[in-house]
Amino acid sequence: MRIDLAPMTPSRRLRAILPGLLALLPALASAQDAKPVLDTGDTAWMLASTVLVIMMAVPGLALFYGGQVRSKNVLSTSIQVFVVFSLLTVLWVVYGYSLAFTGEGRFIGGFDALLVSNISPDAVSGTIPELLFVAFQATFAAITTALAVGGFAERTKFSAVLIFAVIWFTCSYLVIARAVWGGGWIADLGAIDYAGGTVVHINAGIAGLVGALIVGKRLGYGTTAIQPHNLPYVLTGASLLWVGWFGFNVGSGLGAGVSSGLVLLNTYVCTAAAVIAWVFAEWIFKGKPTVLGAASGAIAGLVAITPSCGSVGVAGAIVLGLIAGVICLWAVASLKKALGYDDSLDVFGVHAVGGIVGALGVAILGAPSFGGVAEIDNIGRQFGVQAISVLFTIVWSTLITVIAFAVAKFTVGLRPGDDTEREGLDLAEHGERAYD
Amino acid sequence: MRIDLAPMTPSRRLRAILPGLLALLPALASAQDAKPVLDTGDTAWMLASTVLVIMMAVPGLALFYGGQVRSKNVLSTSIQVFVVFSLLTVLWVVYGYSLAFTGEGRFIGGFDALLVSNISPDAVSGTIPELLFVAFQATFAAITTALAVGGFAERTKFSAVLIFAVIWFTCSYLVIARAVWGGGWIADLGAIDYAGGTVVHINAGIAGLVGALIVGKRLGYGTTAIQPHNLPYVLTGASLLWVGWFGFNVGSGLGAGVSSGLVLLNTYVCTAAAVIAWVFAEWIFKGKPTVLGAASGAIAGLVAITPSCGSVGVAGAIVLGLIAGVICLWAVASLKKALGYDDSLDVFGVHAVGGIVGALGVAILGAPSFGGVAEIDNIGRQFGVQAISVLFTIVWSTLITVIAFAVAKFTVGLRPGDDTEREGLDLAEHGERAYD
Amino acid sequence: MRIDLAPMTPSRRLRAILPGLLALLPALASAQDAKPVLDTGDTAWMLASTVLVIMMAVPGLALFYGGQVRSKNVLSTSIQVFVVFSLLTVLWVVYGYSLAFTGEGRFIGGFDALLVSNISPDAVSGTIPELLFVAFQATFAAITTALAVGGFAERTKFSAVLIFAVIWFTCSYLVIARAVWGGGWIADLGAIDYAGGTVVHINAGIAGLVGALIVGKRLGYGTTAIQPHNLPYVLTGASLLWVGWFGFNVGSGLGAGVSSGLVLLNTYVCTAAAVIAWVFAEWIFKGKPTVLGAASGAIAGLVAITPSCGSVGVAGAIVLGLIAGVICLWAVASLKKALGYDDSLDVFGVHAVGGIVGALGVAILGAPSFGGVAEIDNIGRQFGVQAISVLFTIVWSTLITVIAFAVAKFTVGLRPGDDTEREGLDLAEHGERAYD
Amino acid sequence: MITAVIRPYKLDDLELAVARLGVQGMTVSEVHGYGHQHGHTEHYRGTEYRVEFTPKTWVTIAVDEEIVEPVIEAIANVARTGKVGDGRIYVSEIKQAIRIRTGETGTAAT
Amino acid sequence: MITAVIRPYKLDDLELAVARLGVQGMTVSEVHGYGHQHGHTEHYRGTEYRVEFTPKTWVTIAVDEEIVEPVIEAIANVARTGKVGDGRIYVSEIKQAIRIRTGETGTAAT
Amino acid sequence: MITAVIRPYKLDDLELAVARLGVQGMTVSEVHGYGHQHGHTEHYRGTEYRVEFTPKTWVTIAVDEEIVEPVIEAIANVARTGKVGDGRIYVSEIKQAIRIRTGETGTAAT
């Protein structure tokens, strides 16, 4: 009943990881020949990882984003995260997995696995149930699109957001996921992307920025105070993102093998270092260390370590975190001011910029000469390959975002009207107030 | 030191699951003969699952319920969840496990395992430590009773709630748990209930409704606005319930075997589909998609997939979610209005109704002809068996709830008095205000 | 590339556990001789455990502490937790692990493993990746120091807190961790401390108290109302601490072996029992059961079971919980009043007192004659050994705390000034308001 | 202009009572107050302190001269429990009242 | 003393408008009100109820006698949408005004 | 009727000060205000904006005619820091005061 290609899927996913791991997975090559045998330990961790990535999105991202907007828009923002996440989960199972991971197409897959109908419940892929792999990948697709909505929060109609989400997921996420993990033309170049720095973060960050530019600025942006309405939510959300991200990164190794130790420790210390860097940089340059800064620093570190967590050494992870913390602070404070766009929740400044820092940084810090464990002989060449994957993602995501918003604009319209926006989207679009 | 029956307990638990799994567990029959050997992978997942179910209750349920009441009752509602959960955990270990899972009685067990005194710390049951099985089951007992208190929130004395909890747990939960998982007369009928649709959700939902009817409506119900005071809490609570529910459902397989993939994916997509169904149905029929709807839809989907997560196919899980979302919305909006009861947090409309949808739906969607993986030869017969288990649960839970509230009424009284209720239970019963 | 001692580190950690486990780990002795082989099940659980301990700190502790202070100090309190946790994570990797767990020194270790540079990414220690062990230990160091800051919250400069944290971590935490887990002179005495009752809780509790005494009382303490500003946060934080603590305690067994069942169940029921004890004691003695009491009771139970979770029987765990709940209530209500110190968040009353109850209680309740599973022949002797480890921790932590605050005082100063303190530290020190 | 400080849970009743007298609008806000309720002490983890302020609701109603007395009476009746902390009613003069939507002044704007 | 009840999102505009007339300070608070907006019903999970109160912003501005009229007019202009619920403006007398920092009274303290 | 806008953290002191003069009750609420504090700019992630409003506490005290002056003075003394933003005191006339619990009017109701 199952197609031949299916059991190889996770190993395709692994190809994006492999260049980053010197010799940690010796059994893998031979394992591909034999009939896959389930390992309960690997499965236990992948179950936990899938759950952790779900927790990143709901409640993690919903709180992180919801706390940063004004109290009149907290429901609007968090229902967007919640419903986009749910919708794309369903679409992933309906056609996403099939298009990204099955079939022969180089740029897009086939329709053989619609509704995962050709996967037997007892199929094992690598060392885990194949349906668990499907679920784990679903969380990635769903959270990526949910991330993007932060760019144009507080001013976009719910219906427009959903239209954007469906189109962008189908045409941008699936295509890039296939390039890196599925058909693999980017992976074939030798690009290192352990857990999705390009597919997830640069991709979403660009969509957020382009969406913000197309939708336009929030009313009053730059003149009136637009501040987070609940910073404890922001810190709680960032914390849950940190916690859940271990599922995202360590789970990308698809098991609980020896490399999980390095990946977990890198994810942990890079984030901690980025928190320190952002907070101290603020303290030095702006006078005060802030909670919003600490939370943002954590996300910056997490994003930066995502592509590189299996390639850099522990010292390299700390260095990467320090760099990412400072650069992302510069991006959301100075760069954003200079360019004047209104990316509500700094999806670009944190996810795209942090993702680029990580994707390029791994070419250097992943090299053995810099304490890394990746098979990088030529840093310059690797840097070039990384840059190509980054550039492709930027261009493609921009293109699709423009199309998606064009469709939304000419069907349901983008913005709810000035009075509605001033009154807040919660009441106007959802008929509810967050607090009573 | 250990009684003979003890090591079989988890396999009894598995009997309720087995009809739902075609041939995913071939080794099980023979495993029962051999001395059980611990599997670290299975154990790792069951540790994680136990922790996840605890997280469902605290903070998940406490936030989900606490956010839905008025700000003057948030502490009252969440301390009820917290203390009922704690109290029943202790009682489970003191006598619950013994009565539900040990001894020979068909309807109720024995007193051999009081304080789990006859279980050696190194006893292995199935492939996990036996004490871990005790702990995992404790979480089910404790959260079930905590769910029920949502039906009569905002107006019942704390002491009355505790009296209800102890009596209902002892006489309703333990008896039904034994029928399905312990002694097993319901399981012997061949009823499918993977993770506790009847034992947990219908059982609790009925108790909530009957309690609501006995205690009477909240003052001002139907005339003044009684609205959730903090919807971000509600969404966060629902999210944590979703996250924790993977421990509840996938953990019910008692290991990290191949079937865990199907169970996890079903739990994930059914919930996502129910969110979409509820939100879109609201949008169409009531004009606006709401956060309360998104959160409620998630719970409806989770409840519906609970009995069926090991039996339906992935497409079936999506269908079930869509159905559950719409039916539960109808139950909490139209049915509730027609009947006029005041089930404060819709324990009946979501848990009982959703549980019934799942328990009956599995008879159809679990059949191989509908893409399911259960051994259902005769859908009509299976439907009948499912209906019997549902009806028994409804009748029994109603009976015990009536008795429990009668006891509470004639000892401590049910309601705290009109002025106290108007002022809010937080201050009157607990001497605290939630926010300062 | 790895030094000889490294692979023994986790087994050293186990020495503190071993006396508490009768014969649950028979394979251990021989395992030390053979080359360590990774077990995916153990690794899966240790990955999950590490993540759970991180969740205890962020967001758990940040919410638990943040909710208890006034709304003008919630950011100050939670950023202290967040940044201290991050900072010490980095320092742990930079030099902490090396000083605590490597080298030959009896009181402090060596500098061989600075930046964990001599640990190969594919090194296995016990049955898990060695770097995972490093990460797991990092969470302990980081959360311990974060716990301490609760003692002097709402009145201490951020800079002073950071200076305290670095000095105290280096001179107190590392030294005591080495004594118990690393070089092991306390462990050699035969002291039982499964998961860190002395190293973590007594240590942090004393630092909190001494810090509170040195910094002085909050302005208005004793005259004006200083109340928790958000009790739902407190309950949520306590719940997440409970949830995460399973990683802390069960993870301290460094795998998912058979003893994990007992440790998990003990951690679960002791906490539940302490909640019940605290709440009912309040109800009886003060008239009302409170949410703050329920939350505090949970922490008291968790602290008390920390050293003893592998040694007491399940009935013993319940007894310990009941005792800890009542004694800690007495400590924070009566003892604190009698002594008149201002320990803002009762770090002493809950962590030090609860830790002492657990550390001494295990000598009795851990004995087989009291249903325990520890190898305690002579309860009196064991009690003496436990008392020595407690006393040493108290004396050492006091000394270092005094020094750390002296340094802070003469460099950056301790308090921000009266007007600033009255206005709140959020605005003055961090330029932010929590709620808008 | 009638201003009343009442117990929060009395607001629904107050609203109904004054509506019967023809009052068609009001503005309320959450306040804290003390008076004879002053001096109540609470215990919180070993510290004792006086809780001065309890939550009250502040109601502002602009009414025509002629119904001032009946409205006051109605408010006093529904808000009275007889226990300390029932609150106060204050009456003050408005020089001018404008309804923003229509620009009407005087009686129409109360 | 000018007191206005307006729609919350009109505050920014109001502030700019009165600043142009020389108003140098104001105090605002969040309130809830009803008037002709009274009687709107909502559905919430099977129960129907009237939502009496909608959120409004209460603005208090102490101004010199001579600019009372222009300030009222400015407020009415920016706050008017023409839809029910625009709010009210009330003017009352202050007997005395003191600026705490300087002890100034009268005009300087408005 | 004395109305004062003060810095929130000055409330405790104010309460003690006026209690000494025989004031037995008051009502307070959280407000936001600007005045000479107007115009302070903040930076938030690359955008600069003026923060007009800072949190203040609004205190309303009904007192007998004869102690109006000492109460004003006491408030001004405790609330003064000398830094911009100290706040205002306004005095206005009450036509009638009723204590709900007892129905008393006049002085007893202040």
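Labels A, B, C, D, E and F are assigned to the chains in the order they are written; within every chain, residues are numbered from 1.
In this text, contacts are C-beta pairs under 8 Å (C-beta built on N, C-alpha and C of every residue); 3 or more make two chains touch, one makes a residue touch a chain.
Just so you know, these numbers come straight off a predicted model, no measurement behind them.
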item: Chain hops separating subunit C from subunit A, counting only touching neighbours; value: 1
item: Number of hops, subunit D to subunit F, where each hop joins two touching chains; value: 1
item: Higher-contact pair (C-beta pairs counted), B-E versus B-C; value: B-C
item: Fraction-based call for subunit B against subunit A, same above half, different below; value: different
item: Subunit B and subunit D, separation of their C-alpha mean positions in angstrom; value: 46
item: Chain centre separation in whole Å, for subunit D relative to subunit C (CA means); value: 51
item: Mean-CA-position distance for subunit E and subunit D (Å); value: 18
item: Sequence positions of subunit B contacting 2 or more other chains; value: 39-42, 44-45, 48, 224, 227, 230, 292, 431, 433
item: Multi-partner residues of subunit D (at least 2 other chains); value: 29, 42, 52, 81, 92-93
item: Touch relationships between chains, expressed as pairs; value: A-B, A-C, A-E, A-F, B-C, B-D, B-E, C-D, C-F, D-E, D-F, E-F
item: Residues of subunit D defined as touching subunit E within the complex; value: 1, 15, 24-29, 62, 92-101, 103, 109
item: Subunit B residues within the subunit C interface of the complex; value: 38-45, 47-48, 50-51, 54-55, 58-59, 62-63, 66, 74-75, 78-79, 82-83, 85-87, 89-90, 93-94, 115-117, 121-124, 128-135, 138, 158, 230, 233, 429-436
item: Sites on subunit A touched by subunit E in the complex; value: 220, 224, 419, 422-424, 431, 433
item: Touching residues (chain side subunit B, partner subunit A) in the complex; value: 22-24, 39-42, 44-45, 48, 52, 70-71, 227-232, 235-236, 238-240, 242-243, 246-247, 250, 255-262, 264-265, 268-269, 271-273, 275-276, 279, 287-292, 294-295, 298, 313-315, 318, 371, 373
item: Interface residues, subunit F side, partner subunit C - complex; value: 7-9, 12, 42, 55, 81
